[in-house]
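Each of the two complexes below includes chain A, the first together with chain B, the second together with chain C.
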Partner chain A sequence: MSHQPQQQSSGQPIAFVSAQALRARMHDAVNDPHLRQSFRGAMDFLMAKRAAQFPDQDELDSLRALSEGIRQYSLSKLPDLLEQLEANLTRNGVKVHWAETPDEANAIMLDIARRHSAKLIVKGKSMVSEEIEFNHAMEAAGVGALESDMGEYIVQLAGEKPSHIIMPAIHQTKQQIAKLFAEKIPGVDYTDNVDALIRIGRNVLRDKFESADIGLSGVNFAVAETGTLCLVENEGNGRMCTTVPKVHIAITGIEKIVEKLEHVAPLYSILTRSATGQAVSTYFNMISGPRKAGDKDGPEEVHLVLLDNGRSQAYADEQLRKTLQCIRCGACMNHCPVYTRIGGHAYGTTYPGPIGKIISPHLMGLEQTHLLATASSLCGACGEVCPVKIPIPELLIRLRGEANSAPHANPAMVGQGAAYDPKISFVWRMWARLYARPATYRAFSWLATRFRALTPRKQSGWTAARTPLQPASRRLRDMVKDRR
Partner chain B sequence: MSNPVVSTHAGHQARSYPSRPEAVYFYGTCLVDMFVPEAGMDAITLLEREGIRVIFPDNQTCCGQPAFTSGFPEEARQVIASQLDLFPGDYPIVVPSGSCGGMIRWHWEKVIGDDAALQARAAAIAARTYEFAEFLLHVVGFSRKDEGPATTVTLHTSCSARREMGTHLVGRELLARLGNVTLAHHDHESECCGFGGTFSLKHPDISTAMVTDKVAALKATGASQLVTADCGCMLNITKRAAKEDLDAGRAKPSLPGEHLATFLLRRTGGKPAGDQQ
Partner chain C sequence: MSARDRILTKLRAAQPAQPNAMPDLDAHYTPRVRGESKAERLARFRTGIESFHAEVHISSEADWPALLARLCADKQVATMLYGADTPAGQRLDQATFPATTLRPWSGQVEELKADLFHRVDAGFTQTRGAIAETGTLMLWSSEAEPRTLSLVPPIHFALLDADTIQPTFFDVLRTENWAAGLPTNALLISGPSKTADIQQTLAYGAHGPKELVVIVINAEGDAQ
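Showing the complex of A and B:
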């Protein structure tokens, strides 16, 4: 294929630099005026679209409460529902696979590809496939994997990763995309007409749908009681991927499950309204098995790969389990003042933004990700808009605590204690001694105000952009005593 | 610039308010105690002027929030545990800060540990803790004649006041009761100023980007000053503006700010503590 996505010259998968380099990336991102402006504009647009979908606060409140309830109920029965899902999918003719790690998931799918001598897999949008570096695993084994969601296609063509879970190419301007298409797709001239660009992409992809051996998709909701895989999309590429090739592989995390079909409707409604500000998506696919005798289309084989990849660690803890309520709408990132300023790539994780900060530690361990939880002012905008009411700020605080605490046996998380620093812990112990002893605090605050001239003028990160803080000449308690 | 209408509904149920009490406890917060005492004093003066006796427990220190949000819950617990007996009477507890008020109201009970007796005491304190502006509006029913000249101000509401205490409309309502004051809303009003306690020290790049945008939005209103009911945000915003003034060689502050209590007191014929010095 002449327009194959560019490989890194080393032939290695495009892997992000480790999360320890987060600071450097954030610094660069914050100081990139183009990036700042384009994310601000895009997020403003998405926030306004969402707000327009929820003119009635009471309706939103009750829909959020219902959605939270459905997700919590589903998670409370997760082991049973997974077994029920497997039984019903199997009955419907879908082959169910279990993968604990990304490597296992890729091996399962590569095995399917080899059995069909597949040369090309055409993909609908799937963040789980990003999480497991599916494209690179396939390409390393000589199987092509082509993204068919327009945003994902752009990102793949550019050799990049998605910068947003719903709008993968949101960091690219139409001029950048025009240049990319003209460079990478043979016979295409530069045009920054958006309709023309979409037509170009569609023409390329149309051929590929016909020649692909396997279609891959994600799953938005898996319904245990009926064995149905629900897929939400806008471009029709999801339907093409799941119906045109002879084989369809769906992949999803183990948490994306609900018990009953009736649980899907409220979640679907709040998903599209929270994500893109749409009342409904253009397509809603319900996949319940391979082509049956007499069917005019549909795949001959359907597989579902259920991936754990750290989710059961979150599941095991009552508080951390709330992370798994997520329905991947992206509203938290759209409303996040940090995401708006650094964009998605700076995070260095598959899932950026507030949800990325709380899910990534389970997927990757705290060693690599502990700094993410600290990169938040805890403003609460994410928790306020979350359609399933995940208490994101509370979970960020919990993760900070897990990272800071001295390493101990039987930790709740891989990498617990990764940010443990005896000096910092000592400072906080001293802080507690000071503030838990009123007489000591009174002496300290008296000294700090009386000798305020000795306050250092350089105050680490604070004075880089602000004039120094200095205690007042007298404390409030002194004023209170003298007031009459 | 667009200014999307973001839901500002608090995540908690609207609360019911008691009738005006004979006395209140005043929890000044460590930031106000040491850095902006005049704001606390002016809040106390406003309450006393309304005939409410103000009790200032001398053993108060800090609500524990810095340790709690930094991921040191045990240290926060010790500080909270040392203050559970500050408020023996049944009076409301008034806090001149949405974020410290939010800490007491929503987090003390969780942080205090598994001891049911301690939890019950923390919960009882939480139930009668009010953010100052909320208390002044809903319990005191503040309504005094505006004696100041016509002016335009802009208001910043802290994220905890907005999202934890649900009091983002309270500041507006109090200012609306001043006949000669016009409130100019700023772009992206509901967005965080970038303070976030230790966040501003730990991630200065992002924090600076946020506060710089906030200062620009506030200045763009053309208001003569900033009013806010949270001293953390106030110091973050005004010290950023002061640095910009310093770098640009401006002698006059381009964005002076003060606590809502100070502003209300001055406008209604009182003498702010800072003015007397």
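Showing the complex of A and C:
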């Protein structure tokens, strides 16, 4: 029996597949040798590149501690900083909007699009826009939304979702992309030359940058003291989206904020080095307002949409709040043995991998997502590489506990107790009592060794892929006694 | 109650009574100060930005316009857009550019958008400075040098004064006190536009310039 979840405030499906199907999807992914090969290769490549960026362990330790400190400091002042950011952006001429749910965020942006009679929105990379299913919401209202990051463009053309937060099309081979371009882009012949493929994408998208009515982007860091939106990118599409169209809309989660401009220096450095193993990205774009009197280009209007969507729930709990330290580098997935084997799509959530396992329950509720935290060996690699030192393994254990504990009043999370099973809970309670009392435990182990032949051969999930467990013929304590 | 008020109320209810102590950035950066000479900073900048596929040419205050003209001819730049109302822009003379039409930016972007996207081969800008640690140029947009000048044309020529190269981005933010007043758009640029989104294969000229060419002046002597 599961706990009745509180109603999610948004009626729209945020997951693009049901998390209930997670086991079947993971099974399929593990049995796909092509997928495993491409992810293994890509993750090995990214791990080696990251390692090469941190030859000096002391520098890495110091920078991680500083980055963690900045993120925790920012979160400790979050409501104050949001108000400061709003005041400074407003002073700079940027319109600030607030949205609690994906529906609210989409409605705000659709309203802006309608006011400008927009036909085409050209998009820079934004995982928050994926989180709220922005493209679907716009298309349903008759407004085109076109991805312009090369990886995102490929994924959208293929009718798919990103499989990695930094490298969205990492699951596709160049041959698959070549076939896709030849099929979907008029006048394009098959070529699997990467330079030629990029040239094709460039030509298609340049026309769109020129003609789009609105540009949409995410935000990497929002600086409260100056009212500045910072964007990290290599391609230049982010600059195009935020510079060429008459209107720029930026969307971000409420947590992506720092107080001081100088706080972005260490965060930017550790972000690019952790993400793709680059010393620096090609562009760091700092936007502090729309076109001013005298300016010759830039958007005439700039909007920022601040999205909650479950983040305030994570914020309310001191331990879960650490989830919000994330700067979305993707290093946790690059180093995750589970992600490497199943790829990003199997998770069925916008954010895959370790960060997805700890953030998705806040965005979607535990009812839909409680299995995610169990898809981990708790090896600890994610926590070790995290540039802002989020204790991801600890949080996974916490989420397992939240999902499996008996429903109670004032839960920390929507869907608390979603995986609660009274029978299993009873067995564990008995085990805990047995284990806590030496005399009963001795008696139990004495009986278990004597009657080991009675152990059932079928042990539910355990024997699905393993030989049955059986107590040893002699107890450890007896063997130790013999040695003395 | 508005969404804004509901979000802020929820956060305020959970906010720690005391904020954390302000992070100590100096504790990280001060022990790592290199104390480089100007020449060493220039060398490090150059190694960095060349590793990102940018071209670097050392010239002088007197000679750079002629070098730029020669580079334009070599790269078959038929039209180059630039900001005329800058100290560097005023040094450009059509007479020294036999192979290239110099076009000063004039008017709002809407008036020259089609040309900018389809007929301009190169854009020329000054730079505010550079960062040695990462091989990065700094550009501040201005009335004279709009944002798209360094973005849309396939080649970006950038003029850099070696005296303005700083060790790190942190040093820049501190010593130049950027927090006191930023332009509409401040940019860090490290090489031409690129992507590795297809099978981790690096390709240049994704959406922005395919080539970044840096001309360095005042490379000699000590920093002022």
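Criterion: the second predicted complex is superposed on the first by the 446 of 484 C-alpha atoms of A that agree within 3 Å, B and C clash if a C-alpha of one lies under 4 Å from a C-alpha of the other, contacts with A are read in each partner's own complex, and residues count from 1 in each chain.
The rule is simple: contacts are C-beta pairs under 8 Å (C-beta built on N, C-alpha and C of every residue); 3 or more make two chains touch, one makes a residue touch a chain.
Computed from a prediction, not measured in an experiment: that's the story for all the values here.
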{"item": "Which superposed partner A:I287 touches (first chain B, second chain C, both, neither)", "value": "second"}
{"item": "First (chain B), second (chain C), both or neither touched by A:V338", "value": "first"}
{"item": "Touching partner for A:G380 - first (chain B), second (chain C), both, neither", "value": "first"}
{"item": "First (chain B), second (chain C), both or neither touched by A:V480", "value": "first"}
{"item": "Chain B versus chain C as contact partner of A:M47, first or second or both or neither", "value": "first"}
{"item": "Which of chain B and chain C A:P456 touches, first, second, both or neither", "value": "neither"}
{"item": "Partner chain(s) touched by A:A448 [first = chain B, second = chain C, both, neither]", "value": "first"}
{"item": "Touching partner for A:A465 - first (chain B), second (chain C), both, neither", "value": "first"}
{"item": "First, second, both or neither for A:W431, with chain B first and chain C second", "value": "first"}
{"item": "Contacts on chain A seen with chain B and repeated with chain C across the two complexes", "value": "45"}
{"item": "Chain A-touching residues of chain C, taken from the complex the two chains share", "value": "2-4, 6-8, 10-16, 18-25, 27-28, 32, 48, 52, 105, 107-109, 113-114, 117, 133-136, 141, 143, 146-148, 151-152, 168-170, 173-174, 178-179, 182-201, 203, 205-209"}
{"item": "Touching residues (chain side chain A, partner chain B) in the complex", "value": "23, 26-27, 30-31, 36, 44-45, 47-48, 51, 54, 57, 60-61, 335, 337-338, 341-342, 373-381, 383-385, 397, 399-405, 425, 428-429, 431-432, 434-438, 441-442, 445, 448-449, 460-462, 464-480, 483"}
{"item": "Complex interface listing, chain A residues touching chain C", "value": "42, 45-46, 59, 62-63, 66, 69-70, 72-73, 76-80, 82-83, 98-100, 104, 148-151, 154, 167-170, 172-174, 177, 194-195, 197-199, 201-202, 205-206, 209-210, 225-226, 228, 234-237, 239-240, 243-244, 254, 260-266, 268-269, 276, 279-292, 294-298, 306, 308, 312, 315-317, 321"}
{"item": "Touch list for chain B against partner chain A, complex", "value": "2, 4-7, 9, 11, 28, 30, 32-38, 40-41, 44-45, 56, 58-62, 64, 66-76, 78-79, 81-82, 159-160, 162-164, 190-192, 194-197, 199-212, 235-236, 239-240, 242-243, 246, 273, 277"}
